[in-house]
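Below, chain A partners chain B and then partners chain C, in two separate complexes.
Showing the complex of A and B:
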């Protein structure tokens, strides 16, 4: 198949740009042929709802990775912001805006601490966010006393399970995050600075870009979006779970990499990340529909992820 | 990994500062008990730990609690530390059947009495207080069979594959399924004890099996609640029986509200208190009549829910 593709003369850059999208369509076609339950409007809506949490996380970490960093604390921040938001969301206590702002606020705070330690403290992002991974998990356990925070108001739960204009709220939030993020990265000066800093830090510094501020901005966006994702997750499962989101950062980072964003920084896009998120979501859903046993699911998932990226890289050459 | 251990040290220090070592009984030296717990991120284990701490506090026993974070290797290290601290007795809440066994053997070699709480190791400790996890799977599946009238289609949501609780609950359930040939397992899949994952799994199953599903058996309440929410959103809950295990607060409330059909109660308080009690007796070399205490599981349904809600 690869040979055929390479023989066809396409406008240069066409396949490198759309390779991953073609892989995504391929997976969808394959699933449509193997199970009648895949390509139905209802199932597509379910997939979109299921991917929205990982999607919001992945978009946040896209900013950080393009800026040349990494964030391993996402899953723990998700749990921390979830339990904090949930404890202000009991029925008849605070208006809905309070848990929402607090959840996002705590996420921003964690992102700022990550960003400042990395820029001002000059510690490697991998180390800082690995440390934050256990700190945030510990804080979530301390805050909640190791127990899920239950009894949340219906209005709060609607953030995860409700509809607005017949569309599930998590999907609306995901789409909103996609649009805003794509605009920031593509059309603002800060967005261009993020690419510049990740691509070549020294050159960016020489041209007068304030590196630390740009990096801090990326980590704050990432933290804030992790906070939003934490709220959506808590609302979806109608509890704040201190042990939620374990290893969720791996799915988010996998989606970013599948989407063609370079782990070395400087290259990538929101559109790519969205495709990466959809690929992971479609695989999870499809393997359940086909009732593939859990042992094989893990193997198949890994193989598909690596193949998708391989196809993309081959075409990019 | 270093970060984890530094952090668990901090947590241990925090927990220790909450203890009250001044309460000596009989004017003698107070008994020190070291406890290594499977995971303080599990609500049930936290309940056992709380029961142990309260009981220890009431009886003037100094209790040191460590979190093994589901890692048998870490658990063995914690027991080694207890041995060098010369504690009077050790309570072990094992991470694994095989891999935690060296912890038991090391304590015995050092002459410190060791009591397993909640689950077993292949090495034999000086005492055991817990429940037989197979029984919980048996009770849950028996209830499903009863509610289905002995026939129908079910789906099973497994715990984290390969962990003792998942293996034993699955064995217990299978034993009942063999008695009911008309109950057909449509699908079985893990959701790794996680509510969000169980909810997604159930949504996907509703797509492929729809109203063919008559009942759901989940290995714990977290996953049972996730499946329940997916069924409620698809407006199918009236037609599907959901039964899970652990009797966490959320699940008890759901049973009371008539949403969850049944859960299986495991007595955290009884296990925690029983373990500390036996540890103290063994440390004081007092006679213990029964060195294997099995605390039975109990089925919780709408009929008897009142006695489980505090």
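Showing the complex of A and C:
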């Protein structure tokens, strides 16, 4: 018999997901009223383009967090994959597919190393990915000799700055990642196992699930998506920048948490993460439009992260 | 014994008309408990009788729905454990919660450290000196500077009791304190209890062990199905009377006899040895229930967990349907047609944050899939079928498992494991903490499985259950099989005798 049996409540997730969506709409309405430029097609495209990199990272780390892990190496992996991809993207060298596959491939490799160290080596995810954070950063600097990799082909740069059907490519990629990820998590066996492993590893194992494989899959997806984000960023700034993406993992994790995914694992959704990403993006954009200095922006962002979790905690009790 | 005239004033503690409900279960129904100063008051009852709930109310972990607690003639209200501790209550939990890296003295004075005049500074010298005095007062020979993790379970328990004393506790609740103790350690513990009694401390003592109760208790209260059944002085009641009070019902009404002739051997184990058991030999036939009895810590769960691939054996062979097999993981076991209902449904049975549907299909998700994708319709209909078949009381399959009653949770676990249609079903304490109605339903399901020719292993600490359900009973003691009993030779007394050796 359990204490919380005495308190009947709505199924968890329902209220919190809904609540965060309402909060998002509220923020949008507020910003539309205070600054006329906010709710214009141009500005909305700007916001979406800005959030797409953090969005792709956040969706990757959603897999890991639902599976009960964490990935702190995202920002460094982003830089590493960016410089690797960029160095194969000089004009007139390789076809576009080479840097793209290499970038994603390096991300997958890093994710696999993380995942194997965590599962086979039984080291805590926090420690493994903290180590990987500096390893990948170091690798990025070694690979590029500490210098930005410039002179990239126009085709490569289009991944970050081009349009397709009048929609910026990063946004299209973000949407594609959202759809595929949501389908994996919701409608595939592996997706269900990710929730089960994060919710109760012992029960998952006793149900015949190969938990190590499931965790490894989550870290590989996360690494692969970090690779994709690294390519998009390098293309957008037309440079493979070994110092790019510092602390990006924190923004990604923040988006996941705002979206109602539990850091304890077993609970969360892609939809929640997307809203979390949009909230962070809209607030950054809105505060810029309102000429709030970046010092205050940081404070406000932090307050929102904590408030979101407080709200979630209340619902989860 | 106090004369009854002084009843109202003579009791140190009176818990009166206590009731407590959880969704789906009435855990306590109008229960009384009157405890005298300087006496040992035993509380007995089967698992699920409501003993733990009552104790949790006394120590402030739960608040009662109705009733009052009167301590030293005044009503008291505990909103938290802290309140109960301050008032003079203490509880020695079945599972101790020490700080392993800290010293004995530090454990005793945790939260209550003697301070130096400089604010916040602990007076370690005084702390060790006081702890030493306390130990001497209790006649214990444990160096107070030893780290807690170097102590035996028995010694830790004694330190817990010293801690209770240092908090000036006048009522100490002990929940199955001897379950992990050897006979010699139990004797030392009992001396300590007598010492505490002499100092006027009242002890509420929960145990399943008859002989202990008759040795140490002054008064016995029996509970059953959340109700107070009887309270009497320990000297006035025989072993048999006590058992009939505890069990309280004709077993035949719950345990229906099966008419199944056991078939060929489904599982056999030879020389199986692991960390906590040695040389286990047995075989199990189709259409048969093999009971495994024994005290907590006898190694029963470890044996079945090893068969299911949750733990690794160090020696021995396992044969499934006549073929020697190697089982490295639960996945291997499931593929060989073995199903396990684990001892702790919350720890190993359920994903509590998941829905009923998700839990039911978890171990057989492949059957609800086409390729890598879950067939949502099919999953829903399979879950619905299982919910109906196992009479799980839920509004829909999308309800989160965490908020179901224990009985319903256990039925979800059963529905999950049986969805794979295992030929060999292992149930480890399948009815722990669930009410009598749900128990009866689980027994019925077991009988259905047996009549379908499945083989069942049942581990249970409840003797009536193991006697009522098993065709054969294997008794374990400290990692070894000490007896195999069939038919008329299987009695509660015989089992306990072999279980305690």
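Quick notes on this one:
What we mean here is this: the second predicted complex is superposed on the first by the 290 of 317 C-alpha atoms of A that agree within 3 Å, B and C clash if a C-alpha of one lies under 4 Å from a C-alpha of the other, contacts with A are read in each partner's own complex, and residues count from 1 in each chain.
Following the convention adopted for this analysis, a contact is a pair of C-beta atoms (placed from the backbone, for glycine too) under 8 Å apart; a residue touches a chain by one contact, two chains touch by 3 or more.
Note that this is a predicted model, so its numbers are computed, not measured.
Look at A:205: by the touch rule set out above, it reaches chain C but stays clear of chain B. When the two structures are aligned on the shared chain, A:105 is found in touch with neither chain B nor chain C. In the superposed model, A:162 makes contact with neither chain B nor chain C. Of the two partner chains, chain B is the only one that A:284 touches; chain C does not reach it.
Once the two complexes are laid over each other on the shared chain, residue contacts for A:26 go to neither chain B nor chain C.
Taking chain A as the reference, the larger set of touched residues comes from B, when chain B and chain C are compared. Of the two partner chains, chain B is the only one touched by A:236; chain C is not.
Applying the stated contact rule after C-alpha superposition, one finds that A:195 touches chain C and leaves chain B untouched. On chain A, the surface touched by chain B in one complex and the surface touched by chain C in the other have no residue in common. Residue ranges on chain B touching chain A, taken from their complex, read 3-4, 7, 10-11, 40-43, 46, 158, 161, 186-190, 194-196, 199-201, 203-205, 207-208, 222, 225-226, 229, 233, 248-250, 253.
Those residues of chain A lying in contact with chain B across their complex are 35, 37, 40, 42-43, 46, 49-50, 53, 130-131, 133-135, 137-138, 141, 145-148, 150-151, 161, 233, 236-239, 241-244, 246, 284-285, 288-289, 291, 293-295, 297. Residues 22-23, 25, 27, 52-53, 61-62, 308, 310, 329-331, 333-335, 340, 342, 346-355, 358, 362-363, 365-366, 369, 372-374, 376, 398-400, 402-403, 405-406, 416, 433 of chain C are the ones that touch chain A when the two sit in their complex. The touching residues of chain A, counted against chain C in their complex, run 1-6, 8-9, 11-12, 187-190, 192-193, 195-196, 199-200, 202-210, 262, 266-267.
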